[in-house]
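To keep things simple, chains are lettered A, B, C, D and E as they appear, and every chain counts its residues starting from 1.
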Amino acid sequence: MATATVGKPEQRDERVAGNSALGKVLKRPEVGALIAAVAVFVFFAVITDTFATASGASTWLRSASTIGIMAVAVALLMIGGEFDLSAGAMTGFTGLAVGVMTTQWGLNIWAAMLVALVLALSVGFVNGVLVMRTGLPSFIVTLGTFFVLQGIDLALVKVIIGQVAIQGMTDVPFYDQPHAVFGSNIEIAGGRVYASVFWWILVTALATWVLLKTRVGNWIFAVGGAQTSARQVGVPVARTKVGLFMTSAGAGWLVGMLLLFTTSTVQSNTGVGQEFIYIICAVVGGCLLTGGYGSAVGAALGALIYGMANQGIVYAGWDNNWLKAFLGVMLLGAVLLNEAVRRRAERSR
Amino acid sequence: MTTPIIEVTDIGKRYGNIIALADVTTAVHPGEVTCVLGDNGAGKSTFIKILAGAHEHTDGRLAVDGEERHFSSPREALALGIATVYQDLAVVPLMPVWRNFFLGSEPTKGRGPWKRLDVDFMKRTTKSELSQMGIDLRDVDQPIGTLSGGERQCVAIARAVYFGARVLILDEPTAALGVKQSGVVLRYIARARDRGLGVVFITHNPHHAYPVGDRFMLLRRGRSMGDYPKTEMSLHELTAAMAGGSELEALSHELAEELGRDSEVAKALESEVKELRT
Amino acid sequence: GCSGTGQEEGPDEASDLDLTYAVVTHGAPGDAFWDRVKSGAERAGKDYGVKVEYSSDPDPAKQSQLIDGAVADKVDGVIVSMANPDGLEQSVKNAVAAGVPVITINSGIEKWQEFGALTHIGQSEQIAGAAVGTRLKAAGWKNALCVIQEAGNVGLEERCKAVTSTMGGKVTNLQVDGTDDNAVQATITSKLQADKTIDGVLTLGGQYAIDAVAAVEQSGSSAKVATFDLSQDVITNIKSGKIEFAVDQQPFVQGYAAVTALYLKSINGNDFGGGQPVYSGPAFITKENADAVGEFAAKGTR
Amino acid sequence: MTTPIIEVTDIGKRYGNIIALADVTTAVHPGEVTCVLGDNGAGKSTFIKILAGAHEHTDGRLAVDGEERHFSSPREALALGIATVYQDLAVVPLMPVWRNFFLGSEPTKGRGPWKRLDVDFMKRTTKSELSQMGIDLRDVDQPIGTLSGGERQCVAIARAVYFGARVLILDEPTAALGVKQSGVVLRYIARARDRGLGVVFITHNPHHAYPVGDRFMLLRRGRSMGDYPKTEMSLHELTAAMAGGSELEALSHELAEELGRDSEVAKALESEVKELRT
Amino acid sequence: MATATVGKPEQRDERVAGNSALGKVLKRPEVGALIAAVAVFVFFAVITDTFATASGASTWLRSASTIGIMAVAVALLMIGGEFDLSAGAMTGFTGLAVGVMTTQWGLNIWAAMLVALVLALSVGFVNGVLVMRTGLPSFIVTLGTFFVLQGIDLALVKVIIGQVAIQGMTDVPFYDQPHAVFGSNIEIAGGRVYASVFWWILVTALATWVLLKTRVGNWIFAVGGAQTSARQVGVPVARTKVGLFMTSAGAGWLVGMLLLFTTSTVQSNTGVGQEFIYIICAVVGGCLLTGGYGSAVGAALGALIYGMANQGIVYAGWDNNWLKAFLGVMLLGAVLLNEAVRRRAERSR
């Protein structure tokens, strides 16, 4: 009987067959994605010459990094049971805001960045409050915000600067200060590693810490997994969700700065359409669309897979018109592998 | 008598045009167990959800420590020391048992940016609190959705008992429990009462209600039929009241024939029928 | 009629006529090229005192609906870009049948007459691409990349195809995600690393030329860069020699001239172009003439 | 004895490395009620889910009418006349009560392209079947998620009884029910038995199990402790077996002190303790 | 007590306050969308001259119709708890397939259409089976299909016909037979009504009938609302879902034919990006993203709102650069109104 083992917890439970540490590790949501990422890496390392070199890695790491930062933020939100379709447009919006404020209005560059951050966080706040207040699905609310931001990016910027892309950013005073933080790169083993890669790692680590080790992380899983239950046991649901929307807006600001100071320009359509790529990366990394399950590392790995596949196809020199088809097969393959690993883990003894 | 912790006056709840509860007046006193009795759909869960802050009441007033309140979230009730076991348990199926146990009131260690969940303590406590209830979990890291119905209920109860500071509300806590686990829950209730907590206890089992209850409140079709102290009620009367209603004679007869006289249900119905005749 | 002021009898004042023209193109929203067409048309509208309503959709079905909508709205003239003539045939013919003058711009030079348009103004993708190809051939490009920033866009595909036809060497199309400059740079870099024999990168928008310049630097390749369309940064790069040349298709002219043509038709019954198409470009911007257009590029009209 | 409808031999179920059930051998005979007893987490629900086709067994064999089967979906079991009330009720919260009642076996009228749901019949039947159980619904169009726990359980039971052709499986059907509704369920079980159905009945209440049960199967920590006919077991022994385990003396004493001797639970524990001593 | 009213059902239940028929009607998921649609209509009818004329209506009805057909099919799928991101690309794929087979290979036009239908249904079938077999989220599986279809649309078509758009369709023998069925229009009160509008109404009516009046409809709600429960009570979950995927692919074929025979061309990027518009229309029309709730009429109204807003903004002559922003505000307004109506209905007595 149950009470028989009370007080002797060290005794082996006859109701558990085996209990390998490996099995436990394999159950984490991101392990499947990790194995899939390794598979994609090996695949391209074998069939192309450049992919696995330092300079090759530099390229796909870079393209994965900005997507990865957003994917992690969006993954947090998805674990919390919500979507943010304005995340992509936000990256363009913040970049354009800084560009307009500095090149046109001559504002100090750091001040402009601060203003842009405040703007971004306010949009996130409005998103969150609207979702919680009206009870509308976040899919629709943030779609609205997305459209509005897209309109601002295009029409307002056009009105102010007369064209649809920021020009002459490098001539702005003190440009190289934020450039050093967001846009520079250092050479490691013959490949350039961009600042965005370090930011990506930082954001992923931070998000993982928050998710697994803090109260807020517990609340994020709870509001996404069963909102009513979470509310009933006293989780501050509204505050948690609004915070998540602000986080994803904040990440949008960060990526906006990375884009602006790496390429020294942003355009009106920057980030439009990317919002779904973030969601895709999160799902590839093991997040559930229905909320309550997933990991930050998984989302980062999802972005890595996406970035590697995207660049790997170019390295392989395959007919570029098939790009999307290859990408589709690759993603599907990665997710299938991911799923197979997880199932194996569940069956493992 | 002591001043009540919670007092409700003519309280009511409507869902759209559905009246689930109307005109209920009662109070929860410290050191007293109030049993809420009633048929299925009588409004018991609705009543305790109002006390717990999970639903806002649409009519009447609710006062805690004499101060009128309109809970907009269970968090407010929890902050006042009111802990609840909901009938549907309020667990997050995909989360591990230990995270569910402490959800909403997580203990932390470290300071400033190093403030983090005290995972060790959380796991240890969960394991030990549950084994005190007679539940020996294989692994507190299991998602709570994979536990059996009774195991899940025990987690919800252990959690409420652990955090309940002044009032403990239990909605059919023993429904899915085995005999031994039920015994533990009844003992918890008795202990909480002795420690001076106010307890609200809902059950369909008169044998669970009678020994621990101090007062019995009867709901019928969303309305209160009155509030009886234990002194005014025998186990027999209680059982009859719980079976409730009329036209039971036929059922009682049938049952007695089909199941034999030893059936508890048949006996209860019979006794009520007798009472109605007198 | 007679007028007491003694002025010569001339065309009516536009403000009396209360004219409205619809411009319906196949440009994607935010596309820099089409943004300049729009600017040109709107500027002409302001200059002549007529109302210009611009709308666009890359999907021919939607574009034809926009034309139908404009005709239903009883506008006084329609300006259409015909990237996919078959898709617009019915709508254009309906507009003509309803007595609305139609001008085609940019692409559709093969069909405008057949559909009954007044004239065609522009420089089709075909012509522009072919001209660039010839020029690249002269510059000695052997193995070029043609960077397409929007998958499946009919116009961009045509342009690369035309370049291929006249350049002679090898031209590889490279699809990039135009909404993510970071990815554009990375993808071009990858391609240059993967194929060291590439000696030129041709981009189809000014924005992407800047990305290509950065990519060439990163990959350590010696490839040259050339581009369609201008921007301030493109001019700067041309001056510093990082971009060989830019093809200015003069989109502003396409918008402006088309409105002018309709305006002339409205006020004076003129047939602009006299039954022949009118070319709007291309113009090549190199180090030599970069200064002259720099000012206009900065304003976003060239 | 009659040939069994369902026969299981050494059946077992693993979820990953968790062994929920192992080596269970038993049979369901027509016209007989088999009660499955056991502590929380003993594996009762897992067992009946295998019979119902909701989970595939990972070990052992299952035979229906002597033919070996490996149900890959509950649909196959239903097609063989095996109807089940699951512990978690298997209802679709957002759907109206009447749609839930007939879900998976909807009656239709009309022919060819005009074949359509017989909505009138469905609503009428739902309403009347439920009121026979003592549940008077306001509106069968209400989403079932808005019903009270007991009302929902009654829908699940009424549905299974309505569709159960040869075997009826009930997993703690009376858990959330009032005294009267429990009586009705027990009567249903007795009637089903009399009509020659095989019934599998899970409950934690010995007073519900004993009157209707013909055989009692005991599960403990995922293993079968044996299969006893009613003739070999008294109500007392049954109660003791359900409370199960050892080290109960202390709890029994405490309870008796805290709750008084009239508590059913205290009595049950006491009797078991006595038994263990002898 | 409960039994007190048994046998006297006609007696008024004291536990119900009021019971107005209006309240009941207002609770249907599509009523909010209907009111929102009326509001949008009135708005544009007032501020523009052309919008409410027969020829104006003809335009926005046409643009709503093809989106509406897909939105209805996608709504069914969403009620069943799944997504189909390949729905948009499918419209282009089928159109291109017919175009290539007739203009290039000289196949009989009806035969080509039949082949295209079989192709579409097979893709739907594969989608469904993959989702059910692998347990992967349909979001990912159909994303894979989407990418593959997009690749085929672009690369394969280019290989075969050397360009990215079908030309010369009208010269195909018997073109006018399918044109009459799918592409013609009739004049009603001075406005042209296209065949697609009738198809739209037909599809909506059919879907509503299936959802509300048939067993399959019951199963669709069940598999979306609670898949495990549905399985446990004997609903054929896999068959239902595979059927839904095939339905949405079939609708893709229908819309592909409507596009092809109305405009006599399709191009490689036809339908790409539309998949989210279908989902948006379904959500605006009251479908839950999480499944189990929604209506076909609602989705059709969602498409109507979208079509009216899109076209109305053009009629209003607002700056095209703001189009998206207006659209966002409009959609948000419509959904808010929708929600307000539903809440009012729930509180109504």
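Methods note: a residue touches a chain if its C-beta (ideal position, glycine included) is under 8 Å from a C-beta of that chain, and two chains touch if they have at least 3 such contacts.
The chain list, named the UniProt way, goes like this: A, E = Xylose transport system permease protein XylH; B, D = Monosaccharide ABC transporter ATP-binding protein, CUT2 family.
Computed from a predicted structure; not experimentally measured.
Common neighbours of chain A and chain D under the contact rule above are B, E.
Chain centres were defined as the mean of their Cα atoms; on that basis the chain farthest from chain D turns out to be C.
Interface equivalence for A-D, evaluated over D-E, B-E or A-B, points to B-E, where over half of the contact pairs coincide by residue number. Distance between chain centres (mean CA atoms), chain A to chain B: 43 Å.
Averaging Cα coordinates per chain places chain B and chain E 47 Å apart. Note on chain placement: the centre of chain C and the centre of chain D lie 74 Å apart, centres being C-alpha means.
Per-chain CA centroids place chain A at a distance of 30 Å from chain E. Residue positions 2-4, 15-16, 150, 154, 158, 321, 323-324 of chain E each touch two or more of the other chains. For chain C, residues touching at least two other chains, in rising order: 29, 151.
Counting partner chains per residue, chain D has residues 15, 18, 39-41, 88, 134-135, 138, 244-245, 248 touching two or more of them. Taken together, the chains touch in the following pairs: A-B, A-C, A-D, A-E, B-D, B-E, C-E, D-E. Across the complex, chain A is touched by residues 14-20, 39-41, 220-222, 244-248 of chain D. Interface residues of chain E facing chain A in the complex, by the touch rule stated above, are 134-137, 139-141, 143-148, 150-152, 154-155, 158, 273, 276, 279-280, 283-284, 288-290, 319, 321-329, 331-332, 335-336, 339.
Against chain B, the residues of chain A that register as touching in their complex are 2-6, 9, 13, 15-16, 209, 213-215, 217-219, 221-222, 225-226, 228-237, 292-293.
Interface residues of chain A, counted against chain D in their complex, comprise 1-4, 14-19, 23, 345-349. Chain E contributes residues 49-50, 53, 55-56, 58-60, 62-63, 66, 150, 153-154, 158, 163-170, 259, 262-265, 267-270, 272, 311, 314-315, 317, 320-321, 323-324 to its touches with chain C in the complex.
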